[in-house]
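Have a look at the structure below, then the notes.
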Amino acid sequence: MDDKFHEECGIFGVYKHADAARITYLGLYALQHRGQESAGIVSSDRHELHACKGMGHVADIFTEANLEGLKGDVAIGHTRYSTAGESSLKNAQPIQVVCSKGNLALCHNGNLVNAHEIRSQLEADGSIFQSTSDSEVILHLIARSHKPAIEEAIQEALLQVTGAYSLIFLTQEKMVVVRDPRGFRPLCFGWLDGSPVVGSETCAFDLIDADFEREVEPGEMLIFSENGVESRKVFAPARPSFCIFEHVYFSRPDSRIFGRSVYQSRYLLGKYLAQEQPADADIVVPIPDSGVAAAIGFARESGLQFEFGLIRNHYVGRTFIEPKQSIRHFGVRIKLNTVEDLLRGKRVILVDDSIVRGTTSRKIVKMVRAAGATEVHMRISCPPTISPCYYGVDTPNKRELIAASHSVEETCKYIEADSLGYLSHEGMLRACGDSEEQPHFCTACYTGKYPVEFPESALVQIGDPVPR
Amino acid sequence: MDDKFHEECGIFGVYKHADAARITYLGLYALQHRGQESAGIVSSDRHELHACKGMGHVADIFTEANLEGLKGDVAIGHTRYSTAGESSLKNAQPIQVVCSKGNLALCHNGNLVNAHEIRSQLEADGSIFQSTSDSEVILHLIARSHKPAIEEAIQEALLQVTGAYSLIFLTQEKMVVVRDPRGFRPLCFGWLDGSPVVGSETCAFDLIDADFEREVEPGEMLIFSENGVESRKVFAPARPSFCIFEHVYFSRPDSRIFGRSVYQSRYLLGKYLAQEQPADADIVVPIPDSGVAAAIGFARESGLQFEFGLIRNHYVGRTFIEPKQSIRHFGVRIKLNTVEDLLRGKRVILVDDSIVRGTTSRKIVKMVRAAGATEVHMRISCPPTISPCYYGVDTPNKRELIAASHSVEETCKYIEADSLGYLSHEGMLRACGDSEEQPHFCTACYTGKYPVEFPESALVQIGDPVPR
Amino acid sequence: MDDKFHEECGIFGVYKHADAARITYLGLYALQHRGQESAGIVSSDRHELHACKGMGHVADIFTEANLEGLKGDVAIGHTRYSTAGESSLKNAQPIQVVCSKGNLALCHNGNLVNAHEIRSQLEADGSIFQSTSDSEVILHLIARSHKPAIEEAIQEALLQVTGAYSLIFLTQEKMVVVRDPRGFRPLCFGWLDGSPVVGSETCAFDLIDADFEREVEPGEMLIFSENGVESRKVFAPARPSFCIFEHVYFSRPDSRIFGRSVYQSRYLLGKYLAQEQPADADIVVPIPDSGVAAAIGFARESGLQFEFGLIRNHYVGRTFIEPKQSIRHFGVRIKLNTVEDLLRGKRVILVDDSIVRGTTSRKIVKMVRAAGATEVHMRISCPPTISPCYYGVDTPNKRELIAASHSVEETCKYIEADSLGYLSHEGMLRACGDSEEQPHFCTACYTGKYPVEFPESALVQIGDPVPR
Amino acid sequence: MDDKFHEECGIFGVYKHADAARITYLGLYALQHRGQESAGIVSSDRHELHACKGMGHVADIFTEANLEGLKGDVAIGHTRYSTAGESSLKNAQPIQVVCSKGNLALCHNGNLVNAHEIRSQLEADGSIFQSTSDSEVILHLIARSHKPAIEEAIQEALLQVTGAYSLIFLTQEKMVVVRDPRGFRPLCFGWLDGSPVVGSETCAFDLIDADFEREVEPGEMLIFSENGVESRKVFAPARPSFCIFEHVYFSRPDSRIFGRSVYQSRYLLGKYLAQEQPADADIVVPIPDSGVAAAIGFARESGLQFEFGLIRNHYVGRTFIEPKQSIRHFGVRIKLNTVEDLLRGKRVILVDDSIVRGTTSRKIVKMVRAAGATEVHMRISCPPTISPCYYGVDTPNKRELIAASHSVEETCKYIEADSLGYLSHEGMLRACGDSEEQPHFCTACYTGKYPVEFPESALVQIGDPVPR
């Protein structure tokens, strides 16, 4: 129903807190936007692990009764989005197994680019797999490690994988947190009543009133045990590759990640967009909710009026029953409606954060015209999206990305806008506090330049031709 | 969890359309904001009525299978909000009965002020009641009418009741729509592919791509039958009493009701508020979602920057499990979070649409200060709410309305704001296109002057002292 | 899936017991065989009534949580069977209404033969009906009575209805129990820890360890109040018309009803059947479970070996998914399977309690032959069933009763048995302790002689020609 | 609520049948008595495997929709019972994994005695386990085999395990069936419309009208592929150890297993019991349902009357809510009730198939006395149960088996019977067609002599002292 990239996971963990399972539940609640397909929590009471997983939203899965069953003072949790084909309870996380290292549970945000190759090797060596998730590979590597200490086994395992991973492990005694050497996905660290907490974004800390201390650093391992918190650098240093799309679209605007306010980045994305791609128009209208901050920036910079000309329906359920006959604008009207009195007779600038296939943009442009707009100018607060992501974001393959095969003019024609303008790569980096010279961000989806190489098998899975 | 007045119902109907049940489902989908407790649809295939009702959201209640079961080409539907004590499936609408007039179903938005008295009389005369809803009274009066035609029996029944009612009746053959003489609650009329539709707000028409024709007029009855549409004036003319709170808060901003764009009214409410109650501050921040249009109006009029400094979590479920220990700001943070980088060091004007008990406003002010705001000025886009509503809105009793017993200064102190300003009664009327001299709106909740008198029994039910 | 008459209800009530809702739940549990479609309990805490109803089995509907919600020391409950067309939650009992007599709930086992006529009159007088159940008529008549005392209003109402009814009423203060003047359906009275209990069969008392005192007498009203128990004779005396099919099939064999052990009656039915309808055979096999006692009686009287040659599957669920292609004996094998080693080469007498349409009997005979029986002799422990029941039993209409239009020889041929024998009317009465001269039982389904007359409307509903 | 040994599983499979999933569903339906905790089906459409598993009864888990999803012409299924502690969906079967042999699913009835040891070794070698089931060990051994053909990998794996196993494997192309060398658990082979079927008992074939061909032989592997059926003997020959308790209690009486009618065995168990342990009494009463055939045998041999003096309630649900205060006989009355008129004043012989802890027997004896029996003689159709089972039956540990620590006299006293008699070991073997000299049955639970040795670890798990 939408035409966006999708974040694949949110993760959270708390160590030594009397209310560990509920705190984790709240953390997942705040991270719900990072994955609405399934969620799970595993807790440890130091004798055994307790688990509860389910399909759907956090608020629907967890009840008083099953939170009561999640005993113990350590807990980790996960929310997950997935493409339909692989969607099932057996892929829900945390994954929990028993192996040579004892009871072990894992939450993973990201994607391993060499998972397919390692899995083939592991299967050849006699391993059995119960999910289709790449994360299960990590547990097999740990189980096969001869290092007795769990943190060393984890390190040994991770030295064999490449790609994006923010990880939280739980054993009976310890919680171990790792972020990959390039730090693709965010991971924050803070304190709640003297207990350490980790979570994908700071908005999870705000809800529980935890104090943000710092981000887990790229390549850092944090070991939470009876001995307190220990930090280790377990990988060779690498240039950071923070996912810039977290600032452009994924993260909540009230979060701070990668050392920076998301709202602030989005405001500047809109501001620079107005500088680079002005339009002769009457009003600036955001495509809610994600386009709001950029539209405010655009409007203020351009001196045009900011108007909430599109209203989002927030009661959209997970299933939707279609009418038997087709209805104009139907697919998009389930989510968005126009305020006709605002749009009628106006030259309208629409501000959005991305065009993926172009199908939804085209419907929105039509709907805005049907509401009486005399001109519709589409402005996108980032460059054209031309390459799929292999680092933990659900993207269509290259063939489906309209900007991969169409010029800006062709795309403009397809979506039937009067003009179309994208922010430049340089403008995007600057808005997010980065520079072309020494970039900290991964912008592969805009450039096709992938910071971590991957075997062809990774591509074959997704069905794209190998990029050069 | 919130501290707002609540709309009690949304209603929808369609006559002679091949896809009647699904069209009604879509209509209710768009009217979900008018009641999230229960929903129902009754259809007619001209031989019998088919019903499906359930607790919860429209998207959760209706499945392909039960929409298939709602056979026929006429359907009416209802979404309902209710206070906890009376919440149950037996009060869900449409109410469906068999009586001397045959099969009969009813959807009601509004509240009868003399229902209690009539019900007592009906019980004394031997009627039995299966719900606690006032709407059941109407059906009893119809059943007892000796008029053979259903539309005349309805008229006879309604001449005995007073109060607020937008009604849709369904018999095997006809759909009958009535709006009370003062038109308290909205009701719109339009066409979809040549089939007539009615619904509480125009946003329901937008979703299904129906064309809005006009509002059902106060005191008008529309009879849809094989003979087409017939309009009758069935009551003595009365001065209109449109619920002004529909413009201030209830209706969706993309709707047009009472002959006017809701967004437009809200924008002007904010604009006049800025004129009447300016504040020396840096930024204007709406309390989302309802305060957005007013905040835009306020910001533009005052020349201050509009900022989205509070972010709403749209994944809030119907149940929420509390942590064991108390967490600061917790209750409000489930729904709203601050963007610290926007608020830090700023003098902030918060724009909201009402203060009911004051408890939530107080939490929001605290949370905004905790985010670093140096001053917090609360501005409300309507006058103080001092009296309960007896016309179909769920309001606390007078004792709980903070403005009923506290001056503006006292309320300001309670919510711990640096200043508090309300829009004047005159300003509110003007923003909604009305005048003090010849008002079309009911503003009883701001004035205590009730346009339709009611017996003391109506008050006793709600637990308030009788107003003078 | 089966081809039997069906009991339509079991009822239970307890007055002034600290654990009233749970005791009622247990009573319904024991009466589950009297209706598996829906069940409900209403309790009174002397201030208000609390209700819980649901579709399905008692064990599935009631949870700890909803039994907790059924507050108070008085409770009444109901289990219901219904034909598919009328099956829905709105027909589930107890029915609960508010009327001139206050809060009122009702459980009804039986059927009113003049309900249709009275309902038409009530509708003409302005009453509205929410269910299709005949029991709702009783509540309307009570509501319309001008007698102030509930027991007198009940009496006045019941003097207007004819037919079969064992009733339990609940008001906030009292429990009132009535059995119709002819006592069609059973109703027992006993004590549990000093608290009075009533229930359809004594097996409900056994489960809760209550002491059976006596049956509620035909035409008796028992009023349970703060003043203790009062018994009134509220109707003119009439000749009893106990439903003989309760002994033949409906009631549990461990119950005593109508002053007599059900098992004992069934044993004698089998014994006399052996005397009247002997067969030259090797073994006697019951069709379980209902045919067991009669088969034991038959075997002992005939001197033949009793063998459990048909085994019942007790895990049969309420829904059953059919295979795509047809399978021989499939429909009956879901419930019954043959013990081939017992049947092979044997001349078998099958003992069953009724043949309704004959379809199932035919399948069983075929299956027994397929297991190797050389001869199959069907013996039925009652006379041929030729007329429908209008007193609370779910029977097909006359056209579908094979014995109504076929001779015994024709029926035998249809079911493909080697011989078929029914018990005589006289034998049945004798086995149940009755006599032809002064019968206490209703045997209308065997004779077409109905002890209580009914208007033609009662027949029209069921679709039969009027009997002469 | 009961006090019985419990069968742990029923399994079923069908190869190359257009309606494979539904046929398997029906097979499980008929095998429901072998495990009511969870059930599952995995099918193959030759491209991928499809799975559906759930907690509860077969009739509740599978719907039209999810049977539709089980595409393909091969399917295997499993019903499972488990002790509470290990009860969960993750232990439900079929287990399904991906490994070096491709997609692989497994159904297992039985128990491996060296699973714990092998699992420890596998974990040390780096395997990870997701369930606590011993069956997962088999899949790991297969995955680690270097044999390319699945049937050879299975053979290699099974040569490493000892214990009881009737197994059905499913790959994308093949179905492989194996029974352990001693044949502890039954497994039957037959044909349905030309398609091969396998199942735990013949009653599963009866329901679908399949023709029983023969049992899968101990130590036999059947390979179903495009090439037809191939039989291999894959183990060294061993003396058979058929579980005699299948005849005494587990299997359905309408099944034939181990080459013999279960009903026939039970009848003879009762007959020989009457010879060995006569009692001076009036009537013989079975404890239904399992004691019926033995009671018929006992009655006929002793010349006493057989009476159905205990009636079983077949509507017992999986959960049962207790009354707040204790009720005499309550626990047992939920399942059984007495027919007082049969028992009053009688000297009663109760025939049952086992006494495990003695708690339920004690309650039944009390209840029968309370019904008026003057004497109660308990007769058990097998010897005293003194040792736990390690081959796939859920038994309490030795400490809880009353016969392990109490003489027959002491047990008689505990259950408060007037006399207690068990069938002799010799009598049991003879009734089941076996001899003391060359036994084909495992009778370890009666003798403590285990046909397959096991490591101490197997005992430690269950908590018993090591037997000598």
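First chain written, first letter: the chains are A, B, C and D, and each begins at residue 1.
In this text, a residue touches a chain if its C-beta (ideal position, glycine included) is under 8 Å from a C-beta of that chain, and two chains touch if they have at least 3 such contacts.
It should be emphasised that the depicted structure is a prediction, and the values quoted were computed from it without experimental measurement.
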Set of chains adjacent to subunit C and to subunit D = none
Common contacts of subunit A and subunit B?
-> none
How many Å are there between the centre of subunit A and the centre of subunit D, using C-alpha atoms for each centre?
-> 49
Subunit A and subunit C have mean C-alpha positions lying a whole-number Å distance apart equal to 61
By residue number and range, which residues of subunit B touch two or more other chains?
-> none
Could you tell me which shape the graph of touching chains takes: line, ring, star, complete or other?
-> ring
List of subunit B residues in touch with subunit A within their complex | 18-19, 22-23, 25-26, 29-30, 32-33, 36, 57-60, 62-64, 67, 193, 203, 206-209, 252-254, 256, 261, 263-264, 289, 292-293, 296, 300, 305-308, 311, 313-325, 327-330, 333-334, 337-342
Tell me, which parts of subunit B touch subunit C in their complex?
-> 96-100, 104, 123-130, 132, 139-140, 143-145
